[in-house]
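Below you'll find a set of structures to go through.
Both complexes below contain chain A, partnered by chain B and then by chain C.
Up next, the complex of A and B:
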């Protein structure tokens, strides 16, 4: 998935070797959709049920909690969109928390003031973030490099301080805003409760017990989130593989050259910013949904450190690949929300608040030693395996596009 | 009516600390084209160094209690002066080490990678502070008296009214430091190399000057200035692990972009301008103060991207 937009379907049909066929197939959109759907639906099972086994075995709470997969996906979708900007177009934004937070607040406020429908709330979040991304992008794109980062930061911080102080009538300021504060919680289109598990829903609908999914902590809300996640991944895949994505990548590598061949660089950069804003909006809306009955706080949504978190997730997983940012979001949120609760048995040492230290260390090590991120390291390992067992690898020689993006990300 | 003179003094005091931070960041940015997001972490280390030195050397509760006579007995004032000497030396060493082990491997890599790695470093430093010292805020360690002169409490100043004495000391001290740095940059050979380096580091190298050594020195000086800003700033606000990113890193970056990357004079002027803008609104509309500050910088960046005294364009 990390590979460039060259069409290499020819290699697959010509050679019946299974490994080669698999390597080639991973470029097709259907493959991406199926794999991401299976992966996202398996995530709660892996995080909660499989890792949860260790809780009983060795007494270390490695398993996640019911809300974790939704949260991971909320940030994962933002990271996938953020990667379109950082990994492909080479723009480092420090203001994406503004888009994410604005969407979370818009979705939350909509859920209380208009109708408590998760689908509509997420849609409202997307619209809010898109409308905000347009002016911020329009102004910030005029500058590049550090100045772009600082400009996006200033706009984000303005919104943060507005939500904290003068905008408290709308956002409830430091006390936090409670989305979906309606009796009964959030319901899909006003009918199906999102907090129930799938097996409960099946029982409600048919009166039968779904023994297959017993113990599987997939909630209806998560299924909705996963479907949006799949849509986001497929959309990102389509953008990356299209000529449009190729232009974005070209801008990331050499902006002048793209301008010389007659492309309107400004327009493409703005669209990359707005597109990443759409993803940030979807993530923000899902975040609001996951916080039903809890509070959305400016520090957790709008503060510039949250933008930094998006950068970390994207870079940790691997810029310039589709799966990288998702992987980064899983690792980030897992460390942030699960590892911090772990107590190491025998020595009785609680990791607790060390999580940011661990994260910082992991981050520094990955940036220093694996510039392609976790996914980049994994995929180069996978390529080596494919080369070993396959007759020929479609991505055999030549540098990987991930590295191309890395090298030229900042010399504009 | 809010006193104009009071606002000006507050702005000057805040701006001087911004300037001190900005100079360190701008010479590193200008000379090495290196973006240091760990600059706020250096401020944090400076503030904690000040805190620890002042606590440990105080006769009441510190480690030296009962061993050394009352430091105030020497007539120099307090352990704050010791911190004023210890902090820059320690920070200089940290800066040199940072240049060698963090910055040097990153010179040839992209801006984004520099930002990412130093950002990760800032996170680590902040978390270490939280782990080793705790997340509780420590209140100001400003001394009671310096050289026999009472510097605590309020003074009745003409045109200003009641105003904390210590703030005047802070203004004097930071301007002294800024002046000294300015002289070093403008009048010494080292300063010449730094200034030339901000223009064209390749040419400096071609002229046969060992710029690698200068890089380490520049980084050391930048870190020492950030540490001093932390030491001085820590006497005004409570010291807590979050101040590195909240109170130092972002203002330092704003100062540099307003002043113009690579320009020492720009950092001084930019810092004071930002301090003034923040102070005016702190008095008039505290809730809007930060919003106006960031808005000001945004408009400034759009209208005059090269900054007030910009000589080099970083990343443009």
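Up next, the complex of A and C:
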């Protein structure tokens, strides 16, 4: 059987064993790290250059702008951590904006009051969000379901109103806080400005011109962000694959059974909440970095709608999968920031504030047809391909003719 | 591909001048590349970033109508274009004016992202618009970074051209500080000396800066603040707050609310019968509040940027053109929008280039009297226009018309309302760089 497959599949791919090996390697940590690094470094290229081709081709501005990938990653990292809570432990928190926003403000204030170091500022964000997640989690997790969601929401709104009004001495309130408001902006180790592009840096160091396309002309800040993104994904992967992650999953499936075998459910839930807070802190710190010299505002960081955005990103991308929330963040921010500005030619209609409607439509379609989100849809497609070209088909059936695969693929 | 690489190399080495020579392409530009300069082709794009959704959508749509009117006039003549020596039909510097519009949703982050797209994807040479100060501030910070000029529209916070001022931003509207200076003498005049006033303010940056400015200038004239009570932004039921106002002690109630908040708080003050015991003042009026509270605004004093009933040739010409196009009288948001576009266009014509630092220098310390608000000066030290402030009063219901809910009762001249470069909000202002310092 294995031999049949080899000769059959050989017509389409050079070495079907490669597919098998890839499928087998899919769960190894090194594979996850390499794929996420390649994916994150390719993101600016895909969003700005590849999609930007359409700008001239059909006159619709589908291309992203410089700065978009950093913003996507800031939210994506929060969503990856949020997924540990929602997708695995089964806790629906509506207060993650509090953790994200507190981290953004902490990082911003640190950058102006202490030192404008991006790495340290992001660390401060992580610490702030972790310390805040502890009491919020401790008080909220005592209740479950709706009450848990409402409690977390309340904590978030308390912080929002404080930052907006009474706390304005610290946050500059509605006028917005400017992180890294120092001459030269954020600098890594006091030498390289994060706003420098890699090709500028390369030129400064070597005197040679590095040929990059627009999108790959990424900034030092984006590379730093991408590395933190990879670290976040690998950490999440390790947590999920560990016995600890197994217990979190078990709690998500049936809390009582976990309690019956003598586990301290409260403690595990609290740890899941705090862990997701660490991710929210990193995301918030990166957000502050991406807003260097610009504005961090309570509406965009602490407001409850931001918490809702994290839920939507996670569910859209795929609850309970590692890469899903990140994909969700890409689609969400792309619709919010790029599709929003599109003017449809000929009828001269601007999408503008209708973007929420489009996002809602995408959300409904994805949830209705692919309950596992975009990632679920993609991975089932991937399994079909592996099934077709690989030697060990997951269902145990022999490989099917190409036409069949395409037909069933099309139905999805 | 090659040209870009050369540019990058040149930019990194700091030889900006070289980049300009190559980047200009046509060889027509005498300045290096900066922001979205030079403007290629025979069209120039302006970015109109206004709230088309959210709490201030009605003001935002007024602005957009006025922006479109300004574009129409710049291209085909009409309105102030026929009256200003600097301007002539046929676009700006013979380039046809086109525009892109965005929705700020009255949210600073959304506004910033929308402006980013206008600058990076659409190549806008100037961004203007916005209702609310936070939206103006977030946009002008971005514009300073991107080296694209920003003309503020409706923003009244002291910070806009104070602590958060930037070189690339200009504001014509008056601010909370000027409101305080303008209103205080008129209130003392109207209601007498040694009065006790009670401030109720929206608890965020704009509200607190108005509270502080009103206190400063009223206490300077011998009035006494009984108390200042914060209300959360977005409060819909103000009746509990009105119950807390001490009726015996209070002579004047200041309602420092804007938009929907003012639309709710003014009727609540009247419902509680406070008008029997005290005078009610709304330091900054706006269209939404005046419309929503029209039954109750009889005799209520406040300030505005401008009102179409202000009688001078520029004011009348704009009102007439707007009325012809839209069928209604313009709000002050519309005048601010129209004026911002015209002033920018005129500065470009005078500078004879779109090169931002030259356009900015052209506007700095410019004294002008052609925007319908009397004589004004766009100061170089803080980019705030020193100008007259109009004090208005609500009309009795029977005298109100669709277009006129308020009447202008006084004008505080700019010497009284204004302040020195080292005083008030200007003392906290550091404008930042032009962007051509290295040349």
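We adopt the following convention: the second predicted complex is superposed on the first by the 372 of 412 C-alpha atoms of A that agree within 3 Å, B and C clash if a C-alpha of one lies under 4 Å from a C-alpha of the other, contacts with A are read in each partner's own complex, and residues count from 1 in each chain.
The rule we apply is simple: contacts are C-beta pairs under 8 Å (C-beta built on N, C-alpha and C of every residue); 3 or more make two chains touch, one makes a residue touch a chain.
Just so you know, these numbers come straight off a predicted model, no measurement behind them.
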- Looking at the overlay, what does A:337 touch: chain B (first), chain C (second), both, or neither? second
- Applying the touch criterion given at the start, work out whether A:294 contacts chain B, chain C, both or neither, answering first, second, both or neither. second
- Query: Is A:178 contacted by the first partner chain B, the second partner chain C, both or neither?
  - Reply: second
- Item | Touched partner set for A:143, first chain B, second chain C, both or neither | first
- Which of the two partners, first being chain B and second being chain C, lies in contact with A:161: first, second, both, or neither? both
- Task: Quick one: classify A:81 as touching chain B (first), chain C (second), both or neither.
- Result: neither
- Task: Tell me which partner A:284 touches in the superposition: chain B (first), chain C (second), both or neither.
- Result: neither
- Go through the superposed model and pick first if A:308 touches only chain B, second if only chain C, both, or neither. first
- In the superposed view, which residues of chain A touch chain B and also chain C? 161, 165-166, 353
- Flag every residue of chain A that touches chain C in the complex, lowest number first. 55, 61, 63, 65-67, 161, 164-166, 168, 172-176, 178, 197, 199-200, 203-204, 209, 211, 214, 217, 293-295, 297, 299-300, 336-338, 340-341, 343, 350, 352-353
- In the complex with chain B, residue positions of chain A that touch it: 86, 90, 92, 139, 142-151, 153-155, 157-158, 161-162, 165-166, 304-305, 308, 311-312, 315, 353-354, 356-357, 359-361, 363-364, 367-368, 371, 406-412
- Residues of chain C that touch chain A when the two form their complex: 1, 4-6, 8-9, 11-13, 52-53, 100-103, 105, 107-110, 112-114, 116-118, 120-122, 132-134, 137-138, 141-142, 144-145, 157, 159, 163-164, 203-206, 208, 230, 232-233
- Touch list for chain B against partner chain A, complex: 35, 105, 109-113, 115-117, 119-124, 126-128, 130-131, 135, 245, 250, 253-254, 257, 261, 286-288, 290-291, 294-295, 297-298, 301-302, 305, 314-316
